[in-house]
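Letters A, B, C and D mark the chains as written, and numbering starts fresh at 1 in each.
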Amino acid sequence: MSTTVLPPKETSEPRPSAFAEHSPLRRLLSWEGAITALLIFAVLAASFGVEGFADSFNLTNAQLDIVEIAILSLTLTLLVVIGEIDLSIASNLGMCSALMGVLWNAGLSIETIIPITILVGAVAGALNGFLVTVLGLPSLAVTIGTLALYRGLAYVLLGDKAVADFPVDYTSWTSKTIGSLPIPNPTVLVIILAIIVGILLHATPIGRSLYAIGSNKEAARFAGIRVKRITFWLFVASGAFAGLAAIIYTFRFSSARADNANGLELTVVAAVLLGGVSIFGGRGTLPGVIVAVLLVGVIRNALILDDVAPDTLMLVTGGLLIISVLAPNAVTWGRERWRLRKLAQKAASTS
Amino acid sequence: MTTAVVEKQRSAAALLGRLAKARELGLLVALFLLFGATAIVNPRFIGVQSLKDILLNTAIVALLAVGQTLVVVTRNIDLSVGSVLGLSAFVTGLLFADHDIPIVVAFAVGIVIGAVCGVVNGVLVAVCRIPALVVTLGTMYVFRGIDYWLAGGRQVNAADMPSAFLKIGSGSIAGIPILPLIALVLLAAAAWGMRNLRSGRELYAIGSNPDAARLAGIPVGRRLFVSFVLTGALSGLAGVLWAARFGTIDATAATGFELNVVAAVVVGGVAIFGGSGTVVGAALGALLLSTIGSALVVLKVEALWERAITGALLLLAITIDRVLAIRAERALRASASRGATTVPNGNGAAPPPPPADEPAVATNVSEGSTRR
Amino acid sequence: ACGGTTKDSNDDSAAGPASSASANPDAPLKEGLKIAFLPKQVNNPYFTVADKGGEKAVKEFKGTYKEVGPSDASASSQVQYINTLTQQGQDGICVSANDANAVVPALTQARQRGVKVVTFDSDAAVAGRDAFVNQADPEALGRTEVQLLAKQIGEKGKIAILSATPNATNQNAWIEFMKDELKKYPGMELVKVAYGNDDDQKSFQETQGLLQAYPDLKGIISPTTVGIAAAARYLSGSPYKGKVALTGLGTPNQMRQYVKDGTVKQFELWDPAKLGYLCAYAAAALSSGQITGKEGEKFKAGELGEYTIGKDGAILLGPPQVFEAANIDQFNF
Amino acid sequence: MALTRTVSATALKRFIPLIGKTCNGACPVSHSEPSRPLLSLEGVGKTFGALRALDGVSLDLYPGEVHALMGENGAGKSTLVRILAGVHRPDTGVVRLDGEEVTFADPAAARDAGIAVIYQEPTLFGDLSVTENVFMGRQPLGRFRAIDRKAMRTQVEALFARLGVALDPDRPASGLSIADQQLVEIAKALSLNARVIIMDEPTAALSSREVERLFTVARTLREDGAALVFISHRLDEVYALCDRVTVLRDGKFVSADPLADVTEDELVRRMVGRDLDALFPKIDTTPGEVALKVERLTREGVFTDVSFEVRAGEIVALAGLVGSGRSEIARCVFGIDKYDAGSVTVRGSSLKAGRPTAAIDAGIALVPEDRRQQGLVMELSIERNATMTQMGGLARFGLLSGRAERARAKEWSTRLQLKYRRLSDAVGVLSGGNQQKVVLAKWLATQPKVLIVDEPTRGIDVGTKAEVHRLLSQLASEGVAVLMISSELPEVLGMADRVLVMREGRLAAEFDRADATEETVLSAAVGRRAA
């Protein structure tokens, strides 16, 4: 259809402004920019102010400390962007870890256990997805339910036992670094996954539709976006990532236990929100979340290394989370005040 | 036709209303079945002592569920209740241990601490407009951090507290344990207020449609603020009661308790996205969950299964809720006849019927051609 | 399993760094040793007392003491602290492991970097530490608890155990010995092992449930301080007070109330301060080269006197203290 | 409940404002006036970001008048209403009530001052009963400051009787049709006994009977001395009800006159700022192949056994009463809802039910009736909204580039003469008419073969309306099959090649352009033989 629908008459082209579209200035003022600056500052401060921080042994371990958080935050970002939430991820991780123990004890090979674990994680995610999409239940309520259910199943599976005799080839893989660089293997995995998820979210039609879904599900449906299907599969992905995180966790600690990663979901949620993803959906970027995970990791590591007490750590974690949302609000508020004051001055001077 | 239609609509609405009440009814039925089934296995489960114990176990979580309902109906959530409880409980214990304060002062201090925490949450949510989930997730860490900092590894024991105070936690008045009595009184007050006070109804309005609430002149910020402060105060009170009940308090008291509370509220039929649900439902939800906990022990179910069963029940509760709601909606749609919303002689009302020859058409004919 | 890595094909031989150095029993304790205490969880009063004991010891041998630890009792956060302690170049770490296995890789790394690792209260896998300060011989503890209860109930009737979490290593070891000891008492029947998850409310509820499920229950053993306190509180406020015997492991401060009001007759516990004290000396002895952790080596632990390392590097603190109305006021922890 | 105005002093009764035609709003009320304005705005300005929504606007409202506020989409009418209602505070200028300068801190303050507002978008509480909705925040109180439910119920019944509404007061507000929602809003405003009643497009979703009923009520209120502000894009309604008219253009005051002094053409010229072209610029086309064929389509309880076809180059209108099921058919054809029986065929190949993606692939586009909820994602930018339907096509190797999106969005906003500041602005800040253009852009960019438009000009000003009509006509002439659902009969008669009439979920009649008249279409819609 070669439409020349309407003869272009007077066009209302916007004047180019200093704040054009994607100007670097604008980007810097965004939350992602601010938090990146904060990260750089934190790294510099830690390197110079905290003894032993910049050491490669410490850096490697600092990365390992946030591997599972990073993996879980990838899919949680997608879910929060579409306005859903998955609080069952850590329980799912625990259940998958317990399952690994059971399967290992049953004599299955690790090579078989790994895909089964990811699959079971995905199935657990699919249950969330089913309840949310088919029955239309709010994901917050559903995943609080499965949070209890999956953790409970973990105990049912492995009970009071711990399975610890996983093969050394696998358990030591998690702490091996790439050559002499301070980059352990799991970090490489996280980077690959982050790139994949990042491209999916920011450069593909599906990623774009996630923002539409997060802002207005009905309008998204009317635009031909398969809201339910996408939602369902994101929950499945979230479950599969939890399964993957379970494998890494279990190998990293060489310990399959039912209480693995207990309570980790709140840390992940906090990291995602700190990364600038709106809890109401429709807003947020993956780089922001990655930076937030790194920031949390760096701050924790540096403070622990500096012998700061856990109560301070908690205050910092909570405070950071609140400030992350408070700061942008305050900036907007301040700008508005400034604008009104200027208007009032102008009115006063003209009259 | 008109009355018939209205009648139909009425009955459908009544059905919906009944369903809302059915929620509480359903919980009662579930409780009844649970007690019955467990009693068959072990008759002592419905003995006086056992019932007392169950009520005692429920009292504190029910109190928190009532508070949580106040915020959840406004489309908010308070995840910091566990931390507030822990902080208030520890400070109460500390004051007893180090300063020998009178019991009344302990209650006052606990409630004030809770209220102050509520003020922090309230300001951040209502004034700074930060989503409650984020705020209270943050303050959950912050309040607990303060608790840890105050405690510094200390523990307060029953011996440090006056026995009159500890009596509140386990004693009875006229055979009824005190703790549930306190919870019941506050529950009744909250239930009455939520139903009969303007401000109570306004909480529902805010949760149902926040923008419209603002336009309707409801002081949304103030209401949210007050509901967070009340929730905080209730958590603070719960902290004092916790100290009285458990006798041993350290900084970790009630860690993770917020999930139990939210679960009780959800099982109690309070919509997680606001607008509907009652405090009575929430309290019944709390009662059901703690009864399940006790019943599983009595039924000698493997302890490992308990958590899984709780989770499954939670899912079951919201699923049943949802299915019922869908049915009710369908009933409503089926009964509402098409295009019958405007009725010429509705209720034999005063205004004269429009001229019979003017068709009621969904057209607003311009240029005034049909309007003579 | 078809050709992959299975449990059978995987004969694990992940031994820690072999301590090749030989012990010099006459070496003096070094001054200025940096000894860190890493409890399961900070803010846990039991560990606070234990660590205080450690601090006292470290002061005695003029070292630098510090206590760090996670706010939640999870293995992963403990690992984070082990790594930082390693990074900080501590001379010795006294750790109570949340998960016997999960801490091993981190501890192994620490030991490779010259840090001496002594576990206390809750052991890590042997490969991960140089020595383990055992608060009580699991066998003795398990058996004495049964004996304490047997005496109180006249060796007859149903009994239950209220434990901590289902996978608490300590408790499970003790429970095994309790079961074994019970074989000697044909009149006593263990009807259930309940788990209070070291959570006060849960333990309380479990006690209540036990009594409903087994109305003719005669006694409860709770080998965990949280559990016994909760159970005592339940009993003291219920008609079962005085009728159901309760014993186990508890701190005198928590239990004083219930011993005095007659709910509990006897219970036992080691002195956690001594545990920490001994652990600090063991770490110092290791760091100074007095011992290497081999069976049979001896070292002096300040005012506690001389200790000999037993099998698998275990150092036994000594018999537990039994508390009762007559002596409870002499203790404050 | 007594709805009569108690304030109505005899002096105010039957007052008809007589203001000189040339008076330009800001001019002071002359001394010969029998009354001073009840409510007035002076030089009010309001800025959103960099957008000047209102710029020095003045307005005088006298007791006993119905004052029309007119202007194109985005002229600033709703913004002015929100200022009067205390939702926004003006950046500049003053509001006077009874000659006193006032500042409304919040909507409650305005309400307490006697100002009632019916907003453009219904603002109901879905979970609460209709009764509670009417009285929220001002429930009658009984003992212990508890809500007196009985009194509340009686008052609501009286209100509904007065409005002739047969709604169950106890049913929850969720699930009410838009018309019913609007009626509840009106009842709410009436219950306030307000001195100033502002109605922002209250009739957009009402049937003519409901409109007439509303007008009767409005006239009574006027008799009783209230001041009414009435906003509508329908000139006939304005002329039927109003006494004076204030026109806004681009946020600026244009004129304020007694309606009797302004002709329709003049009014339109003032609003648009230029002469309008023909209102229904229908281009004659010869229909081609059958593009959309609907056979015996049924959705239980909604519509039954509906068959029709639309040919390429043809505009087929679907007329009928509100709630006759027209929108539901569109939803089913497009795959939003599933149908229970029947089939939909697009250019020879049958369409899978319940799959909007399949419909889009087959070349169907649906411009839905509720643009805020269904048409647009308000928080997203104009460009994202405009390209939302073509992301697959814009992607290269599965990846999208922002540049391609922007180019595509720019192309279409230029074609449709969209008024915007930046393409990256959220679409929510646009005015209603411009939002509708974004919806059109997003679907036209898919180059559809079958275009379904549901109430394409609802809430759109005359100028934009004419543009939309020209657009539809041009699309048809280019071979697009257009199915137009509309509640505006002139639009139906002016644009359609064929008119299908729905009644109670069934297809009641079909008329050719030549046979379709107001009489025939109306009769078919209500089920009577043409007189």
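As a working rule, a residue touches a chain if its C-beta (ideal position, glycine included) is under 8 Å from a C-beta of that chain, and two chains touch if they have at least 3 such contacts.
Note that this is a predicted model, so its numbers are computed, not measured.
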Using the contact definition given at the top, which chains are in touch with both chain C and chain D? A, B
Out of A-C and B-D, which chain pair has the most contact pairs? B-D
Relative to chain D, chain with the most remote C-alpha centre: C
Where chain A and chain C are represented by their mean Cα positions, the distance between them in whole Å: 38
Chain B and chain C have mean C-alpha positions lying a whole-number Å distance apart equal to 41
Sequence positions of chain C contacting 2 or more other chains: 42-43, 71-72, 166, 195
Two or more other chains touching the same residue: where does that happen in chain B? 144, 148, 271, 304
Shared-contact residues (touching 2 or more other chains) in chain A: 155, 159-160, 263, 309-311, 313-314
Can you give me every chain pair that touches, using the contact definition above? A-B, A-C, A-D, B-C, B-D
Residue numbers on chain A that touch chain B, as the complex places them: 131, 135-138, 140-142, 144-153, 155-156, 159-160, 263, 266, 269-270, 273, 278-280, 309-315, 317-322, 325-326, 329-330
Interface residues, chain A side, partner chain C - complex: 51-52, 55, 57-58, 61, 65, 104-105, 107-112, 155, 159-162, 164-172, 175, 249, 252-255, 257-263, 300-301, 304-305, 307, 309-311, 313-314
Provide the residue numbers of chain B that touch chain D in the complex, in ascending order. 2, 5-6, 9-10, 12-14, 16-17, 192, 196-198, 201-202, 204-205, 207-209, 211-219, 271, 274-276, 329, 332-334, 336, 338-344, 346-347, 349-351, 354, 358-371
Over in the complex, which chain C residues touch chain A? Could you list them? 1-10, 12, 14, 42-43, 66, 68-72, 74-76, 79-81, 83-84, 86-89, 99-105, 109, 113, 125, 165-168, 172, 195
Contact footprint of chain B on chain C as seen in their complex: 41-45, 47-48, 71-72, 166, 192, 194-195, 200-201, 204-206, 208-210, 212-213, 215, 226, 229-230, 233, 236-239, 253-254, 256-258
